[in-house]
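Heads up, the thing below is written out as structure tokens.
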Amino acid sequence: MQENNFKIDRHSLKTAISRVETDKIVTRGYNQRDLIEKIRYSDMVFLLLKGRLPSIIEGKIFNHVLVSFCDHGVTPPSTQTARIVTSSGSPVNSAVAGALLSFGHKHAGAIEKTMDLYQSKINSLYLTDDAEIDNKQIAGLAIEIYQEYILKDKKVPGFGHRYHNIDPRADKLMEIVIKEGFIGPHIKLALALEDLIYQKKQIRLNVDGANAAILSDLGFTPDLGLGIFIIGRIPGIIAHIHEEKMNEDEFRRFCDLDDVIYQQRGK
Amino acid sequence: MQENNFKIDRHSLKTAISRVETDKIVTRGYNQRDLIEKIRYSDMVFLLLKGRLPSIIEGKIFNHVLVSFCDHGVTPPSTQTARIVTSSGSPVNSAVAGALLSFGHKHAGAIEKTMDLYQSKINSLYLTDDAEIDNKQIAGLAIEIYQEYILKDKKVPGFGHRYHNIDPRADKLMEIVIKEGFIGPHIKLALALEDLIYQKKQIRLNVDGANAAILSDLGFTPDLGLGIFIIGRIPGIIAHIHEEKMNEDEFRRFCDLDDVIYQQRGK
Amino acid sequence: MQENNFKIDRHSLKTAISRVETDKIVTRGYNQRDLIEKIRYSDMVFLLLKGRLPSIIEGKIFNHVLVSFCDHGVTPPSTQTARIVTSSGSPVNSAVAGALLSFGHKHAGAIEKTMDLYQSKINSLYLTDDAEIDNKQIAGLAIEIYQEYILKDKKVPGFGHRYHNIDPRADKLMEIVIKEGFIGPHIKLALALEDLIYQKKQIRLNVDGANAAILSDLGFTPDLGLGIFIIGRIPGIIAHIHEEKMNEDEFRRFCDLDDVIYQQRGK
Amino acid sequence: MQENNFKIDRHSLKTAISRVETDKIVTRGYNQRDLIEKIRYSDMVFLLLKGRLPSIIEGKIFNHVLVSFCDHGVTPPSTQTARIVTSSGSPVNSAVAGALLSFGHKHAGAIEKTMDLYQSKINSLYLTDDAEIDNKQIAGLAIEIYQEYILKDKKVPGFGHRYHNIDPRADKLMEIVIKEGFIGPHIKLALALEDLIYQKKQIRLNVDGANAAILSDLGFTPDLGLGIFIIGRIPGIIAHIHEEKMNEDEFRRFCDLDDVIYQQRGK
């Protein structure tokens, strides 16, 4: 075994995720030998992030969420970045990293912002009233959001898509959670809000908005939203990297000199 | 809908991964509405990368592979990078990108190198002899590799681990494929090679070596090896990023001035 | 010449930085042939960022700024990230990218925050009073900042360093601008603030605080602060990457299993 | 001062670049206070990378090299990546990191490959003959390279540019080194090779080829070639990031749905 020439004081690196001993790895309290044999990959993701295995219904719903993030063709900036980096001859991990850097607050930030919005609203109910949350209260929150955003001409996070009128992923996800009876307060709020916004503005929930509600009802805090989106989207990005490498010329030319407008000196 | 101020000539962006139309997304020939409802996330990964759904046994085995890559605690350079980047106050996508950049040829490159080795050996049999591959031929290949590496004191890719004598993940994966009867020529070759190397050197297959053989028998080419490892490992990295953010001080101090040895000027 | 298979509509890519024609490149209005022959690299940086060449004194001061960012040994997270990524066998551009990702708001964000603070304060004077700014007004602003931060126990950006009591770079930069008579309102404000804070708290300007003031007096807006720091620091990072590659074992071990504290399951 | 909760054994982090003590930083043997006051930024870069200050002529030539890398408008993949990442709302350090990841072996790899080629050829002379290298020997090496590449229809690294017939930067650099009398064996070789290749193929040295020769005569080894290119190019990339942020809509649309060709299922 290799020598450690970077000897760190014991008790300085702390983790509750995995305990590694010689010939044994225990993750979130389970021997990895058992995890490898017995659980679904989507449940493994849940276990890593939440520290416990999902219930049957949680596992089912979380699987739908992960699949729904899979791919949106060559249109997203992240996919285009992955292809340009690949085209330059960089390795696959660099191309995936490039794609991730394109998940800025304008591209993939909506999910966390929406989770924040839904959870802060729902939490305000719990604070003021410890009885069961009823539909009337949810409707009140939807109106609040409507007033804070639509009436002030602000974009509501989680609504609208630049290529779709009805985002087919959001629509399907909502259909599924209704069918499966997995409807907590955050999903109720998203649905009530969609009713209101659609009536007045013909704008609907997008995939980020639907998943923000579902992940909130699954008990995830907003700071994990982008991470879960990343997990769901990376396989698609790797498929694009592979396709670029297999089917396109290396270092293909992305623009001609006369495609560019040169502006006058001075900004 | 937003205007495109970057108008690209039609027929310039090509993809076989997803067809995006207004209100409809079709991935690898399947409507995403159906995929979201019906398939497991690990099968979705397979579909994206291979262009077809797995058979039942392929889906099962591929799920074991993905779970086996999940986490190795705080020891890997990639996890440490993710934590340092997080500690500096960068967003989660940057921290994941940093981790990915640490998958250099020394850290995560072994899987592709091992797939290359196994596949080139097995392909050489198909080239010279189109009859069924038998165990004797496999044994011959194992001896070839043994001679090319061990006798020349070169490290065999896919063998040995700096923290484990028996990598519990490799051991479990091999137990499973044997139990499930999923043993193609590449797995046979890995097992034969392990017998040989263990006898002489007491070194065993590691998780990369085991998965290189399994992924080869699943029909993946080497250039997808690192991508599949990335898919499997990213959830663990995101768990570490979350843990760092929740439990540690921002910008914690990683070294003291007198931890450092200053060498004389000149190298 | 290579064909462009990505034909973009003319008038879609706009830039005022460089005009590229066959056999000719004009940057910020100057033929690159002339720039290569005649100007100093630090003036080239100024030209690129500001769109014009610096005056003699501006060029001199900007050169001091760039040199002052050069290196802080192995202590910064960015340098450690660069070394870990290099150690994993990734190429130099990936290691530099990893280092950059560690410039989060806690590591390198101070310069922009400080520029924001100084410029918003000074701009407030220009708004309320178009006469020359006098020392009394500057002193008033310093007291304002003191009250907004120190009295509320908030960290003043640009002050204090975790390894230094007197940051030698800040101290030298201030000595130089005084000697050279390059003292605009932002530098005056930084000096007045330092007097106040040092008296009460024995904390002094750091390299970010000094450079924030100087760059503000050079006419840079805050959004270029991090970029200029990056330009100044990257040569040092590349020196560390080179040193790691030359002098250390590849994939050296950064921790031992018993260096780690494993916490109980559950977070 | 902040506590270090990551206590590393002394003598584990080694560096010859900078010695950091409380209130004092010494880089390559010089107090940073002196460096900040006295040296040009381009000389600081040389000092960091080589461990010593340049001679007057070395400093002059190295300055030309750095300026020559500055910018090539919006055409390079790295610049396009920087703009896409910026457009997504990511911070400037992420956008620079994205640009760096596009410096793959096809985009920025030529300089190291060319340095390797020139240095291995010139070194072969030193090995076989310790007398002064004469022009006849250089001419012999040029013919060797010509035969190994051109006669075998292989691209010679450092020659040809997809937008230029005469790369104005290479042409100017060669004019300067001749005028300044800075012509070592590597530059001689590059010039001899250009004569040969231009006669037969009408292809000329590009900026990478010219700088590979110059940097080799300045005593840099090939593994620093990409790093020096990065140092020279990053200011231009930061100018593009700034321009994108100031002048373009956030998250601007880069393609329309009917710009894309969807291929049949199956690859």
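Observations on the model:
Note that the chains are named A, B, C and D in the order they appear, and that numbering of residues resets to 1 at the start of each chain.
Criterion: contacts are C-beta pairs under 8 Å (C-beta built on N, C-alpha and C of every residue); 3 or more make two chains touch, one makes a residue touch a chain.
Quantities reported herein were computed from a predicted structural model and do not represent experimental measurements.
Of the two chain pairs examined here, B-C and C-D, the one linked by more C-beta pairs in contact is C-D. When each chain is reduced to the average of its Cα atoms, C sits farthest from chain B. For this pair, chain C with chain D, the centres built from the Cα atoms lie 22 Å apart. Centre-to-centre spacing of chain A and chain C amounts to 32 Å, using the average Cα coordinate of each chain. Here the CA centre of chain B is 38 Å from the CA centre of chain C. Of all residues in chain C, those touching 2 or more other chains are 2, 5-9, 12-16, 19-20, 22, 73-75, 90-91, 93-94, 97-98, 101, 103, 108, 162-163, 243, 247, 251, 253-255, 257, 260, 267, listed in ascending order. Per the touch definition, chain B reaches chain C in the complex via residues 5-9, 12-13, 73-75, 77-78, 80-81, 84-91, 94-95, 97-98, 101-109, 162-163, 243, 246-247, 250-251, 253-255, 257, 260, 267. Within the complex formed with chain C, the residues of chain A that make contact are 2-16, 19-22, 28-29, 51-52, 90-91, 93-94, 97, 249, 251-267. Against chain A, in their complex, chain B makes its touches with residues 1-2, 13-20, 22-25, 27, 31-33, 35-37, 39-42, 44-45, 48-49, 63-64, 66-68, 70-75, 91-94, 96-98, 100-101, 103, 108, 162-169, 171-173, 176, 223-224, 226-228, 230-232, 234-236, 238-243, 245, 247-248.
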